[in-house]
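Following this line, the structures themselves.
In the two assemblies presented below, chain A is common to both, partnered first by chain B and then by chain C.
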Partner chain A sequence: MRYKIIFVLTFIVVGIFSFNQARSQGFEKFLRNSQISGNFQFDGMYYNKDSMIGAPDVPQKVLMNAFANINYTNGPFSAGFRFENYLYALQGYDARYKGIGIPYRFVSFEKDKFTITVGNSYDQFGSGLVYRTWQDPSLGFDNSLDGINVKVNPWKGITLKGIWGKQRYYFDLGPGVVRGADAEFSINDIFTKLNDKALRVSIGGSFVSKYQEADDPVYKLPKNVAAYGGRASVSYKNFLFNGEYAHKINDPSTINNRIYKPGNASLLQMTYAKKGMGFYLAAIRTDNMSYKSDRNAEGIDLNINYIPSLAKQTTYSLPAIYTYGTQPNGEFGMQAQGIYTFKKKTKMGGKYGTNLSLTYSRYNAIDKKQIDENTPIDSTGTLGYKSDFFKIGKNAYYENFNFEFSKKFSKTFKLIVDYFYIQYNATVIEGHAMPNIHSHTVVVDMTFNINDKHSIRSELQHMYTKQGDGSWAFGMVEYTIAPKWFFSVSDMYNYGNSIAQKRLHYYNVATAFAVGSTRIALSYGRQRAGILCVGGVCRYVPAANGLMLSISSSF
Partner chain B sequence: MKTKLFIVSTLMLSSVAIFFSCDKVEAPYMIVSDVSDCPVPVFPDITSPEKTLLIEEFTGHKCVYCPTGAHYIHQIKQQTYGSRVVALAIHSGGLSEPEPGNYDLDLRAGTFGEELYAYFGSPAQPRAGFNREKIDGTNVFYGTPATWQTKAEQVLAQSPLMTVQIINNYDSASRKLCTHVKSKFLSANAQNLKIALFISEDSITGYQLNNNNTVGTTPEIENYVFMDVMRDAFAGSFGEVLTNGGVAQDSAVIRTYKKTLDAAWNDKHCKVVAYVYDAATDVILQVAEEQVY
Partner chain C sequence: MKTTLNFGLIFLLCITMAFAQEQQPANPLGLKKIPATELKTLDGKTFNTAAIANQGKPVIISFWATWCKPCINELTTIADVYEDWQEETGVKLIAISIDDSKTSANVSPLVNGKNWDYEVYLDINSDFKRAMNVNLIPHTFVINGNNEIVWQHTSFSQGSELELINIVRKIAKGETLDAH
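Now for the complex of A and B:
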């Protein structure tokens, strides 16, 4: 009911604005400037019980997720909403996504260097260490802020932002109020004399505070918890340096076992890029930096901030089995990546050039020591632990070494070869005790363009490991008839499982048809249980067997 | 220029205001009472340690199936297990909300029961957990009360890893209760363990919906006797850290707690329930129960 009222009010406001604009601009001009855009996504699945892979019986048999974004713009004015429908949500999505509603709607306008948005908004301060609201339908993640978002550019090179509201919590709002401000200064744009200098500098700072009622009979809980940070970005010719530091005051929560230690996070990134060559180096350290607008929230609910992942991400099925999920209670991570392109018409480059990339990423625990002899680490109602900022913890969380060779041999044939070594600490990342996984995976990805319309792509993957579920093999063939048809057949085979009954095939056949911007896809097969991660944020995906229909469209 | 200065100044001042919107909490961080007036007694030795079982039951006085659940728990306690079986009835969820009329009794333990109920996924009622063991490999809480006896026996057949003892010192005049809990490890332990303590009360009478005429009148029982009702917690819904691994065999930890009993409770029917559980899996290792006096 509440959403219906908000929805109606939103469109009354839209109507009033539109009417005023129409009157002042003239109706024809008003119509000419009006633009409506949107997109629609439907995913429905018919589930079969499959006790071999652990896919449960689904009482509803068919589950679905669907949403549609409808946006209207007219010059400086815009408004929109997202309709969402979970009847009931697909397996693996949180069961609190249940029902139909409009949990996202906004009205925004720009006037006199101000951009004012009321309703839901997505935004981030710096790299998000103290504030980031975002959405990813594949993760079932949406922490949009329902309130006000004001952005102003008083001078060239200065951007100030302010936010105030509550966060989305499925079809409701979280209990905490989030308030924040951010300022960013681009030094070269502010001072005209520096406009053309090769050395470019920008600095910024953010302050965020959350408020939540506290009447706990056991713990002295802070009602207001602030987090703040500073950042700087310096670029010179081919080099770019970014640095950000964030600090959070005492924030006892379910995630950190109700300890009172302040949190902090540091992120350093360096990039060197020139034609045909690039290098990236980054390091991150987080210490008790989970920041949520409900101290009792768990998992990925109601995150105010975002901890970026420096782990290599891949779309290839087998190495993606072991994907890193960031650990907000503390981690020390780094990534080094080098990319080199051999020029065309050289011995190594051949006719079309050759790309090589090397990536190494690693995460460890941070150092943790007892605060005194009698208090175990992470004891509830204490400062939790002491941590030496520059000392790396012994417990390895994740390690990934990746080498990629990519080459177009002819107009019709392209080859990508990847090697991944992954060390994966499932005890920490997935929360269940098991030995660390050491896996070696080779991927061969070949694309044959038969002609302008017809192409075949195939993937052959093999993962060798003695731990976890053991070794896997994967094969896939895709046939595309551009621009309308797509067919694929794939199979993941867990041939190396130490339990003979679990040496299973996870087969899948799929087809898709596209007409204009609408795509209809149908697939049938098995899906293995595991975790799905996007940018270090993860959700558990249960085993499933069934027929899936997806429809997406935009206008 | 004045307008720009005004805008920047306003936003900067707002930022400063937000920046100072923080509450720095000074130690001690927990609202703990001074237990110096609760001298620690000498605990007797336990010569033959046995596995103990906590049956946690989510229930409600407007739950028509719940008298059947309570009936089966009562039957289990009547077996020969003696004090090895402890029950805790957690009135929670919509079926325990009081309403004007016959069902105005509030048997909920403040927010504690609701937190536990939510934590375990707000299951249908009645549902009972048996040391929070996943007996069928999947579930922690179970319906179908007729099957509870078998589940209880499965858990009770295990060997104990530790013992838990409670000694209560109660002053009925001031209603001050000192509770001492000794946790002793029968073997070395590497788990992260927490200890949780609750007060429960027996023999509270009131209306209860019922659909089973073998356990009482239907559709409701007028003078239903509620047993093992969770009333309060000493250290929150989830207790506090007891150990963080590295515990040697035969080592023991004694904790002392203090509380003043609510005047609305019948202290003669009140008990203290204490249990130790694995913080990672929630599985309860051992439980004990002791009358307040």
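Now for the complex of A and C:
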């Protein structure tokens, strides 16, 4: 409440300030510099009950999510807000998204070397291991910080940041207060002599603390929980190396079953890239590193930090059935990737060049040992477990091998072929006991250009597996009239399900119209129950059958 | 109380909006300038979008991500004809990756591996994406020599690149666009 008052007061003060400034400089100039922009999105769906796929009866029949961002800028001054509307939220979104409101609004101005933002802000320290606030409407995820955000560049190459506030919790704020600071030093920019050196180095460090009252009758809980981290980035010619380490003090929470063990996370990334080829190698280890501004929060609520997932993300429907979701209590992951292009007008490259890419990613448990003979691992109120940093846990969570071939054969024909091997530990990732999935998927993606405007794209996919729902086949044909029209028909068929009644078709018909920055899409069909993941954060999407309308626009 | 404040805020913004409408005579086309936001280059330097320039020639700004298939389709399709486009119109394409820390380190290997000749920047915290009001990607903008946004389009389908180059040709010749 108090925040809101402070916010509005600041807004008025800044407003008056810019008005006075405008008067002295000429009102016309002020108006000329004024700029309003924004965007809008609407998703509405009419639901049919479909007991075959498990789509429930929706009492409201139609559900909708909508939002609009309105931003105003005038030179160094900017302000904006987002109006959100859920009457009621679409299936699969948290039911606490309910009603209408303005959960996001900010005012920001730049003066000298300062940028000051009051109200909601999105920011991150390094790659986010101790602090990252962000938003993704398709996930229904928003952990923006409502408070203050100050950024200052006191010297070329030095960036200091400070944040203080509470996090968004649906149409409310979370109970904990989050305070933090970050410093980044780009060595080559600080020292003029080093400006043009091939070796570039930058280092950074951050500190975050959350405060939440504690009145647990049994346990003495820490009210202030600190997390801190350091990072370094080194680049030399075609090489780039990033390293980051973060530590969190003891933070008993619902997620970690209230253990008192401190947490930590390490991230290493290396790339080598030059024209025609690129290599990437990365590893991550996290140990009890879930960090939320409410110790009782669950799922994706009130995350202060962000654990990036190194599992390959794909948009092809069948391999996407088994997508990895980050395990907050600990995981050991790695990814290796190579991309290579055979040049144009060579034997392998042909007329237009040939592109190959190879990716391997894998996730395992971390090593966990009992703290003593009598205490089981993860016992509430204890230190939980002991873990050897360099020892990888035996339990495999996920494995993905992907090979992709992509080539334009002629002006009229383009081909992409993909192969995926995926091993998926559903017991850990989805949280219900079932055997590990081992699947092989082949995707053939072809584009035929009929003429400059008309083209047909088709996707054929097949997934072979004996576990889970068994094998699947997928076919899709898309017809586009560039740049405005799009039509598609697809079917996903679970022909290999061991239960005959579950050998179902998930058909879909869709059309879209895009003009300028506006896109209207209409689709009808069935949607499979599953997990939708973006950026390592996942949500469960229930089965649905119905007609969906989406409108997206910006100005 | 809460709603009163929210309404107060909307009211204030409406007033400013109303003033902004008044700007029309001063700037008849109502074209928007590119907002100034900080991005990172692939080797970790800071780049401010206020510095986007192409000696008075048009610029294409394309928002994409390593996990977005249609985006990669668009940039691959343009890559095949990019040299011709540059020779003809002097256009420059700036590809803004909105990959977050999960996949941002993949951008440089992908761009190089695909042999793209674009200027590529990382918008890891989505600041520029928000400032440009991008909802869905791919989202492509055409900027004229005065750093004003003259055209934009969401989504990509095979053949859309032809509309894009037609727009760029008009801008390069100094023509104005009809309302889209």
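Keep this in mind: the second predicted complex is superposed on the first by the 537 of 555 C-alpha atoms of A that agree within 3 Å, B and C clash if a C-alpha of one lies under 4 Å from a C-alpha of the other, contacts with A are read in each partner's own complex, and residues count from 1 in each chain.
Please note the rule applied: contacts are C-beta pairs under 8 Å (C-beta built on N, C-alpha and C of every residue); 3 or more make two chains touch, one makes a residue touch a chain.
Since this is a predicted model, take the numbers as computed values, not measurements.
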Here chain A is shared; do chain B and chain C fit on it together or clash? fit
Quick one: classify A:S552 as touching chain B (first), chain C (second), both or neither. second
Now for A:L522: first (chain B), second (chain C), both, or neither, which partner does it touch? neither
Contact-wise, after the overlay, does A:L194 reach chain B, chain C, both or neither (first, second, both, neither)? neither
Applying the touch criterion given at the start, work out whether A:H454 contacts chain B, chain C, both or neither, answering first, second, both or neither. second
With both structures fitted on chain A, tell me whether chain B or chain C touches more of chain A's residues. C
Which holds for A:L358: it touches chain B only (first), chain C only (second), both, or neither? neither
Spatial angle chain C-chain A-chain B, Cα centroids [nearest 10 degrees]: 150
Between chain B and chain C, whom does A:Q35 touch in the aligned arrangement: first, second, both, or neither? second
First (chain B), second (chain C), both or neither: which does A:M277 touch? second
Give, as a whole number of angstrom, the minimum Cα separation of chain B and chain C in the superposed three-chain arrangement. 20
Chain A - residues contacting chain C, complex: 1, 4-5, 8, 11-12, 15, 28, 31-32, 34-39, 41, 69-73, 78-79, 81, 101-102, 105, 122-124, 126-128, 132, 134, 186, 189, 200, 202, 233, 235, 240, 242, 269, 271-280, 282, 306, 308-310, 313-315, 337-341, 343, 352-353, 355, 357, 406, 408, 447, 449, 452-455, 457, 480-483, 486, 512, 514-519, 535-536, 552-555
In their shared complex, at which residues does chain C touch chain A? 1-2, 5-6, 8-10, 12-13, 16-17, 19-20, 22-23, 26-27, 32-33, 35, 42-46, 67-69, 76, 80, 100-103, 105-106, 108-115, 124-127, 130-136, 139, 151-155, 157-160, 162-163, 180
Looking at the complex, which residues from chain A come into contact with chain B? 152, 154-155, 158, 160, 162, 179-181, 183, 207-209, 211, 216-226, 228, 249-250, 252, 257, 260, 296, 376-383, 431, 433
Where on chain B does chain A make contact in their complex? 4, 7-8, 11-12, 14-15, 18-25, 27-31, 110, 115, 192, 194, 233, 235-236, 240-241, 243-245, 279-280
